[in-house]
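A quick write-up on the structure given underneath.
Naming follows writing order (A, B, C and D), and every chain is counted from residue 1.
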Amino acid sequence: MANSKYAYVRNYELPDPLLPGCFLICRLDGHSFHRFSEEHGFTKPNDERALKLMDHAAMDVMTEYKDIVLAFGESDEFSFLLRRSTNLYNRRQAKILTTLTSYFTSCYVFHWSKYFPDTSMRYPPSFDGRIVLYPDERSVRDYFSWRQADTHINNLYNTAFWALVKQGGKTTSEAHATLRGTVSAMKQEILFQRFNINYNDISPRFKKGSVLVRVIPSERSTGEKKKRARTRTEVLHCDIIGDEFWMARSFILAG
Amino acid sequence: MANSKYAYVRNYELPDPLLPGCFLICRLDGHSFHRFSEEHGFTKPNDERALKLMDHAAMDVMTEYKDIVLAFGESDEFSFLLRRSTNLYNRRQAKILTTLTSYFTSCYVFHWSKYFPDTSMRYPPSFDGRIVLYPDERSVRDYFSWRQADTHINNLYNTAFWALVKQGGKTTSEAHATLRGTVSAMKQEILFQRFNINYNDISPRFKKGSVLVRVIPSERSTGEKKKRARTRTEVLHCDIIGDEFWMARSFILAG
Amino acid sequence: MANSKYAYVRNYELPDPLLPGCFLICRLDGHSFHRFSEEHGFTKPNDERALKLMDHAAMDVMTEYKDIVLAFGESDEFSFLLRRSTNLYNRRQAKILTTLTSYFTSCYVFHWSKYFPDTSMRYPPSFDGRIVLYPDERSVRDYFSWRQADTHINNLYNTAFWALVKQGGKTTSEAHATLRGTVSAMKQEILFQRFNINYNDISPRFKKGSVLVRVIPSERSTGEKKKRARTRTEVLHCDIIGDEFWMARSFILAG
Amino acid sequence: MANSKYAYVRNYELPDPLLPGCFLICRLDGHSFHRFSEEHGFTKPNDERALKLMDHAAMDVMTEYKDIVLAFGESDEFSFLLRRSTNLYNRRQAKILTTLTSYFTSCYVFHWSKYFPDTSMRYPPSFDGRIVLYPDERSVRDYFSWRQADTHINNLYNTAFWALVKQGGKTTSEAHATLRGTVSAMKQEILFQRFNINYNDISPRFKKGSVLVRVIPSERSTGEKKKRARTRTEVLHCDIIGDEFWMARSFILAG
């Protein structure tokens, strides 16, 4: 009616379907979380409460969207893998991307007080997101290796950096200077020699990040039972660069 | 290093710049808000608290993103107009889209208790979003006319519908049946004759939606003062279909 | 200089890279070739000269663009497969698409008189093109199966149709009516019973289409020799739906 | 039938509609025309036969595609402007782009012998193409100003360069060295002082390029007559940077 004379503006909405036959990875990143973590007193180099809150939000997202078969989180970012053949929202890019980003953000704010009971949220945080298509198993695995290698590299640097600052009494620029050009072994050496920290003893959560994955159904479960098991999600802090993780969960990369 | 052998996966991230010279409209929509509004006892046909919460979140978004020159909200949706020449995030589509969607969502959850002090949020709500490009002033104005005409049509229908149900004792299917095929004048007549409701007396907020716009600097203010005025935002419930609104604010559609 | 004040218009040219890791198939189709074939007296149901001209143009395209590993043609269409890892023109879509389309068209007109020495070209023909991404071997093979199955179906129909018209004295609408609803076996029966045509005896070119593929280097050739062999192209009219063709040429789908 | 089991591969063909409300400019460029012009003995700095052949091909394209309202050519490139509201092929990008590119190429080869009666074509030339969207009149005009300014700059350089080489006896590297860093006035001075060439006397075709535009219907013609006039195209070599050209032809940029 009155409306129809304006309704032509809908023609400017263009279709944005994602290529079929590809895996979708949606990665979310905290927006200005450097400032956000300072304003809310996050522990350095890692704040377990903040990481667990991220995991909780990611877990909610996986519970809501069954086509997510794997998620990986570190620091203020989380990556979600949607199975190759997903037809979520007819693979419309903006719809998938914004729904996941929005729901994750919502869960993060919603659950805040469970993890920070004594710190009220001072202002609303936000996340940006992107979807990247990966056409084959190899590139999907390399994607997650890329993120987990990044977790390790960052964590080792940050652990050494904050040891130098907090225990070693260095300024932040001195600490950066000390670490400039050092390889992994040297950083581990610094930790051990100067601060008696054995990097191997550091929590796997910090070294490996968080791996959210559907529970493997036990050998004996069948049919409906199997399906239900597959919809439960667990949080692991294990290696996902090697083959073992993937071989035990062939359903992740299955057609 | 260890990282570089996997870093090639970044090549799968493709550029997504939006065409220069076009206005950007980002529209957010509540995801499954029918259920969300029921679970949280939203008043029918309009819940002023819920609408004000939407406005508050939108206001925060405009305060944060100066390139938004106008926003319009109704029910569980909000549209944001970014000025034609915006270079926000180098006009990268996913970045703009997800940041706005995420921040709006975050603000909605963050401010919830201010508007619903007695109703705790039962689960995290979410919003989907899309960006549409409009190349000229005419299509931008028609876009907002389209949304405001929609506000009016929906509100009139819902007002009549809930009067029939709440005051008239009809079932919801009877109410739908009564209204089927009626034009605006007939719905207004039903409201007046049966329920003594003069549609003209309904709150402009419900009939016109919420218009968020930068304050017009007064004649006398200049330079820095003018700029500061322009960065303050006000909430109006006025007509945006006619020329008056736009003529008084030529900066909205300016190059 | 004088130029630079206008050069900003280049900013409206947006990047269009194709997703890495996917096979590219570029399919060209004759534009209004129904009319073109009539105006130039193409033989029905198949004109061998016209098909050979198509093959020649496609052969030229493959000679020029080494990343094309396979081509398939039937009637007035040709499909080109570019290897998964091609970096031709940095995988820019419009560049690849238009260059192939233009060069094919150019070759078609250029070689016309070799195949139609007695028929001068009355007006310039044209082709449209599209590029489609296929992420895996299975979908690439199914693509070519789809085209070759189409070749068979069309050829059988057209062979029966023109037999009914030319030898059977039917009008074209009578011929269509006769064939409506018939399955393959019935069409073959019509050909054999009424016109003594054994469909098996029809030229493989008509039944299978044209398959252009790099020559398989012989067992004994090595190094440079092997490479040179691989750059020669041959025209086959063989089955590409079964496994045999592909197993003998694993390089086509190789990473 | 047999076909349907493979037909799913069509799902990989994604829609590619161009934004409504924008002008479309399709620019074609000769592919490796440096070599092509040498192999076919094009006159330097400008070959009138080659330019006229380009114009002829462009004219054919405009005759075939009525939604093209303007074309501009120089050297081995041609730009076509499609009217803002064109619905050619439902604004599908690849379809429009490839059809125009293919038809232009076809016409170029087809008409070759009319312009080069004594030079047989040695190999098939090709063109690449791109479509760029321009949202408003200003950017469309600036686009054409950009191309015509480019024509002038290139032609002045080339005219001076080839005078130095052909009449001045310089090597090509000496000629480049002579012109390095010179502004327009200096190049004109060189032409006049050393070779007695008044740049103003150079053919407008070389200085201004080719402007193909629908004929302006005379004042007196009406209705059907007017429409027919508008479908005739003429080749001009006039200025299109100033206002005059556009004011006399308001239909070009009309909604």
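In the analysis below, a contact is a pair of C-beta atoms (placed from the backbone, for glycine too) under 8 Å apart; a residue touches a chain by one contact, two chains touch by 3 or more.
Note that the coordinates shown come from a computational prediction; the quantities given were computed from them, not determined experimentally.
By count of C-beta pairs in contact, C-D exceeds the other of the chain pairs C-D and B-C. Chain B and chain D have Cα centroids lying 46 Å from one another. Put simply, the C-alpha centre of chain B and that of chain C have 51 angstrom between them. For this pair, chain C with chain D, the centres built from the Cα atoms lie 31 Å apart. Multi-chain contact residues, meaning those touching two or more other chains, occur in chain B at positions 12, 14, 19, 21, 133-134, 139. Chain-to-chain contact here is organised exhaustively, every possible pair of chains being in touch.
Contacts from chain D toward chain A in the complex involve residues 11-12, 14-15, 17, 19-21. Within the complex formed with chain C, the residues of chain D that make contact are 1-3, 6-10, 12-14, 28, 31, 60, 94-95, 97-99, 101-103, 105-110, 121, 123-134, 139, 142-143, 145-146, 149-150, 152-153, 183.
Within the complex formed with chain C, the chain A residues making contact are 19, 21-22, 133-136, 139.
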